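Heads up, the next two complexes both have chain A, just with different partners, chain B and then chain C.
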Partner chain A sequence: MSRTVLALARRALRNVLRRPQFIAPLVVFPSLMLAANVGGLSRTTSLPGFPSDVHGFLDFQLAAAITQSLLLGGVSAGIAVALEIEGGFFDRLLAAPIPRIAIVLGRLAATTVIALAQVVYFLGLGLVFGAHIKAGVPGALLVAAIGAVAGTGFGALGVMLALRAKSASTVQGIFPLVFVVLFVSSAFFPRQLLESPARQIARYNPLSYLADGMRDPIVHSLRAGPALEGLAAAGGIAAVAIAFSVLALRGRLGQT
Partner chain B sequence: MAPAIQAVGLEREFKGAVKAVAGIDIEVSAGEVYGFLGPNGAGKTTTVRMLVTLLRPTGGSARVAGFDVASQPAEVRRHIGVALQEAALDLLMTGRELIELQATLHGIPPRRVAARGQELIERVGLGDAQDRRVGTYSGGMRRRLDLAMALIHSPSVLFLDEPTTGLDPVSRVTLWDEVRRLKAEGTTIFLTTQYLEEADQLADRLGIINGGVLVAEGTPAALKAEVGSPHLDVTLAGTDALDAARDALGRFGALRPTSDPCRVSVAVPDGAEAIAPVVRALDEAGVLIASLEVVEPTLDDVFLAKTGERLEDEAAAA
Partner chain C sequence: MKGPARVIGALTRRALHEILRVPGAAIPGILAPTIFMLGISSVFGAAVHLPGFGTTDFRAFVVPVGFLQSASFAGAATGVNLARDIEHGWFDRLLLCPTPRVVLLGGIVSSASLRALLPSSFLLAVALGLGVRFPGLLGIILAALLVMGLAMAVAFYAVLIALHFRTQQAAPLMQIGGFILVLFTTSYAPQQLLTGWLRTVSRINPVTHVLTGVRQGFVGDVTWTATWPAIASVAGMLLVLGALATRALLRTGA
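For the complex of A and B:
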C-alpha cells in the first residue's frame, strides 16, 4: 500500500507543478491580501485592546495568510479530485487492484507536502519583509507542524466535497464560503477587537485556535498553551475531515 | 475449462426503477473474442462496468477470470485489463509516466516497471511520443496508450468498451490488428461496439443487446444465416433477355421478386461460390450482363429481425 500511496502522491505533486493556475491562488491571492492588510491597516496595532507585545502588524498577519492559503489548498485538492472524477481517471484508479483508500491517502500525502511548502513560503516572505519569528527555529517548526496537519485536514475536506459533488464547479463554488468562515475567526484580528456576533463565533471557530497557534510562536516565545491548542485544532480538523472523506469514499463506492 | 466470463441473470437497476440491464446471461470461453453489439443506451457500458467491478449488480451474478465480481472484486481487478469508453488518461502526464504509474498500481516490481512500460509503449507504436504530455496526443494515440495501459500486467481477460469510437479509419484498422494479435496470444476479449463491421471482423461470437436485454447471441455467420441466405443480383444489359436469364438462374435457387425489369435476383446458399457457375450458365444462354453482385445478410439485418429497427439508423440518429 505504501508504494501505491507514494506513487499517487508523486503524481499529484507533479500535476500541481504542471498546472500553475492551481498554484497561483494558493500563494498569490493570500500574498496580495497580506500586502494590502499590512500596507493599509498597520495602525491597527495602535488600537486599544490590540496585544501590546506584537512587534509589527506583519508578524500578526502572517498566520492569517498561512491559514487562508491552506484553506485554498484544500479547495484546490478538491477541484483536482473532482476533475479526475469528471474526466474518468478516477474510474481507472478504481479499476486497479489497489486498496481504494490509497487513492485518498495519496492525494492527502501530496496535500501535506504542498501545505509545508505554503508555510515555508509565507514564513520566508515574512522574513524578507521584516517579520520576526520570536520563538526562532523551534517556533518555525511548530508553525510548519500545525500548518501541515491543518493543510492535510483541509485537503481531506476538499476530497470529501469532490467525492460527494463529483463536479469541479460545485467544489469551486465553496470558495466564497472559505472566506466567510475565515473572517469570523481571530485569523485577521484579535478576538477581543471583533464585534458581536463575530466575536462569539470566533470563540468556537477552530480556525481561531489554528491561526492563534501558528501566530503565537511568531509574536511570542514558545508557549505550551497556544501551541497545544493550535495542534489540537489542526489535529481535530484533520481527524474529522479524513473520517468524512473516508465515509464519502465508501458512500461513492456503495452507490456504484 | 471454466468460462473466462460468466454472467447469470445480470441486472442493474438505477434510481427511478430504470433497468439499464435487465437480466442477461453471457458465457465467454477463454481465448474468445466476444462482441457485444447494440445501439447507444442499450446497456453495453453498464454491463461492462458491472463485469469490471466499477458498478455493483442489483441482481444476478457474474464471474470474471474465475472470481465473483461482487464478493471477490479485488481478485477480478488483478486479472483483468480495462479500456473504457472514454480513454481515461491524465493529460498532464507523459505517456511513459502514465504507463509506469499503471505498472506500479498493478504491482509490477519496481525494477521491472521501466522495462515493462517501454515494452508496451513500443508495442503500440508510441515510442517517439512517450515523453510528450498525453494532452498533445491525437485520439488514436490516446486509445493506443489506453490499450497499452490495460495490457501492462498481461491480463487474461481484456475489456474494450467501444475502443474505436471517434477514430479515423487508419487508427481503427490499427486497433483491430492489435485485437487480432491479442487473440492469437490467447487473451479473452470482451469487446463492446456499435459498429457492425467491427463486430463482424473481430468477434468469434456476438451478443446483441437492446433495451438492456440480450436479443440474440451466436457467431456472426450463424446469426446472419438465421435471417436469410445470400442472394445474387444480376443486372442485365437489356430487357430482351429477361426470360432467358430467369430460366438460366432458376436452376441455382429460388428466384426473388424485383421491381427492376433489367434485374434478376436468385437465392444462392453457397454465396460467392455460385458466381462462376452462374456466369457460365448465363453465357451459355447468350445473356449479356451489366453487373453481378453477391449480397450477404448483414448484422443490421439481424438487428432488424430481432428488434424491428436498424442498428445503423439508430447510430445515425444518435
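For the complex of A and C:
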C-alpha cells in the first residue's frame, strides 16, 4: 500500500514539475495580491483596533497569502484528478491490482509536498522583502506544519469535487468560491476591523483560525493558544475532507 | 464595408454563443468581480478612516476596480478561446477564408468588449442594491465605454499570447497581464496613501487613468480633467496592442 501511495505521489509531483505552468498560478496570483495589498493598504496598521505589536503589514499579510495559495492548491489537485478522469487514466488505475484508496492518498501525499513548498516559498518571499518571523525557526516550522496539514485538507476537498463532478471545468468553477470563503475570514485583516456580516461569519469560519494560527508565530513569539487553534482547524478540515474524498471514491467505484 | 462588418458580427456572435453553450465556464467570470468587490469592501472597508482617503464609502471606491476586472477577465477569455480554436484546428480553417486578417482580428476581439458588460452589469446591479451612489447616466456611459475599450485592449494582448504559444496552457499568462495592470493602480487607496513602489508603478500604469475615469462618477462628479486621460490611455493601449496583435496575426502561417 505505502509503495503504491509513494509511486502515485511521485508521478503526481513529476507531472507538476513537467508542467510548471499549472503550478505557477498557485504562487503567482497570491504573490501579486500580496504585493497589491501591502502596497495599497500598509497604512491601515495605524487604524485604531489594528494590533499595535505587528512589525508591518507584510508580516500580517503573509498568512493570508499562504492560505490563499493553499486553497488554490486544493483546486489544482482537483483539476488534476478531473483531467485524469476525463483522459481515462483514472479508470486504468481502478483496473490495476492496487488498493483503491491509494489513488486518493497518493494524490494527497503529493499535495502535502506541494503545500510545504508553497509555505517555504511565501516565508522566503516575506523574508526577502523585509518581513520578520518573530518566533524564529520553531515558528517557521509551526507555520509549515499547519500549512502542510491544511494544504492536504484542501487537496482532499478538490479530489472529492473532482470525483463527484468528473469535469475539470466544473472544478475550475469553484475558484470564485475559494475567495468567498477566504474573504469572510480574518485571513486578510483583524477580525475586529472587518465589516458586518463578515466579522460575525469570520468567528465561525475555520479559515480564520487556520490563518491566525499561521500568522501568530510570524507576528509574535510562540503561543500555545493560536498554535493549537490553527492546528485543530487544519486537522479538522483535513480529517473531514479526507473522509469525504474517500466516500466520493466509494461512490465512484459503485458507479463503475 | 458591409462584408467585413458581417464577418466581425458573425465572429462576435459565435464568441457570445459560447456563454450560453458552456455557462459553467462563463459563470465564474461573471461572479468573480462582484465577489471581489463584496469581499474586499467587507475586509478592507475600515481603510476609509485613514486620513486623506477622500471618500467615506469604500464599496463605491472599489466597484470600479470590479469593472476593470470584468474587462480583464473578458479579454483573457478571448485569448483562451482563440488558443482552444488553434488547438482544435478551427483557427487554421478560419485563416483560409477569403477575408482580410485584420477583419478576423476585429471579430475575435470585439466579442470581449460585449462580454465585459455582462459581469459589469451584474456588479453594478448588486452595488446599487447595496446602496452605492448612482454615478449618473454620463458616468455609466463613460464607465461602459472605458470597460469595453479596456476589454478589447486586454483581448489584443491575450491574442498575442495565444498566437505565440498556440495552447490553452498559456491561459495563466493571458490572465496575469490584466490582473497586474488592474491591481497595480490606485485600486485599494488613493495615490498619496500608496507605498512608495506602488505609487510609482501606479503613476506609470495607464490603467490608473482608466480606473480614475470609471471611478469619478461613483465618488464625485464626472469631469473632463479625469475623463480625457482615461480615453487617451485606452486609445493608446488599443493602438499599441492592436498593432502588435495585427502584426502577429499577419505573420501566422507565413
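Assume the second predicted complex is superposed on the first by the 256 of 256 C-alpha atoms of A that agree within 3 Å, B and C clash if a C-alpha of one lies under 4 Å from a C-alpha of the other, contacts with A are read in each partner's own complex, and residues count from 1 in each chain.
Simple rule for what comes next: a residue touches a chain if its C-beta (ideal position, glycine included) is under 8 Å from a C-beta of that chain, and two chains touch if they have at least 3 such contacts.
These numbers come from a predicted model, not from an experiment.
Superposition note: with chain A as the common reference, chain B and chain C can be accommodated side by side.
Using the contact criterion defined above for the overlaid structures, shared-chain residue A:Arg3 touches chain B, although it does not reach chain C.
Look at A:Phe183: by the touch rule set out above, it reaches chain C but stays clear of chain B. Looking at the shared chain after the overlay, A:Arg19 reaches both chain B and chain C.
In the superposition on chain A, the chain among chain B and chain C reaching more residues of chain A is C.
With both structures placed on the common chain, the touch criterion links A:Pro97 to chain B but leaves chain C unconnected. Touch criterion met: A:Arg11 reaches chain B, while chain C stays clear of it. Within the superposed three-chain model, A:Thr170 lies in touch with chain C and out of touch with chain B [touch as defined at top]. Shared-chain residue A:Phe89: touches chain B; no touch with chain C.
Closest CA pair between chain B and chain C after superposition: 13 Å apart. In the superposition on chain A, the residues of chain A contacted by chain B and by chain C overlap at 19.
The touching residues of chain C, counted against chain A in their complex, run 22, 24-25, 27-28, 31-32, 35-36, 38-47, 49-50, 169-170, 172-173, 175-176, 179-180, 183-184, 186-189, 193-195, 197-198, 201. On chain A, the positions that touch chain C within their shared complex are 19, 21-22, 24-25, 28-29, 32-33, 35-44, 46-49, 167, 169-170, 172-173, 175-176, 179-180, 182-184, 188-189, 193-195, 197-198. Taken in their complex, chain A has these residues touching chain B: 3-4, 7-8, 11, 14-15, 18-19, 84, 87-98, 254, 256.
The touching residues of chain B, when paired with chain A in their complex, are 52-56, 74, 77-78, 80, 82, 84, 86, 88-93, 97, 101-102, 104-107, 110, 133, 149.
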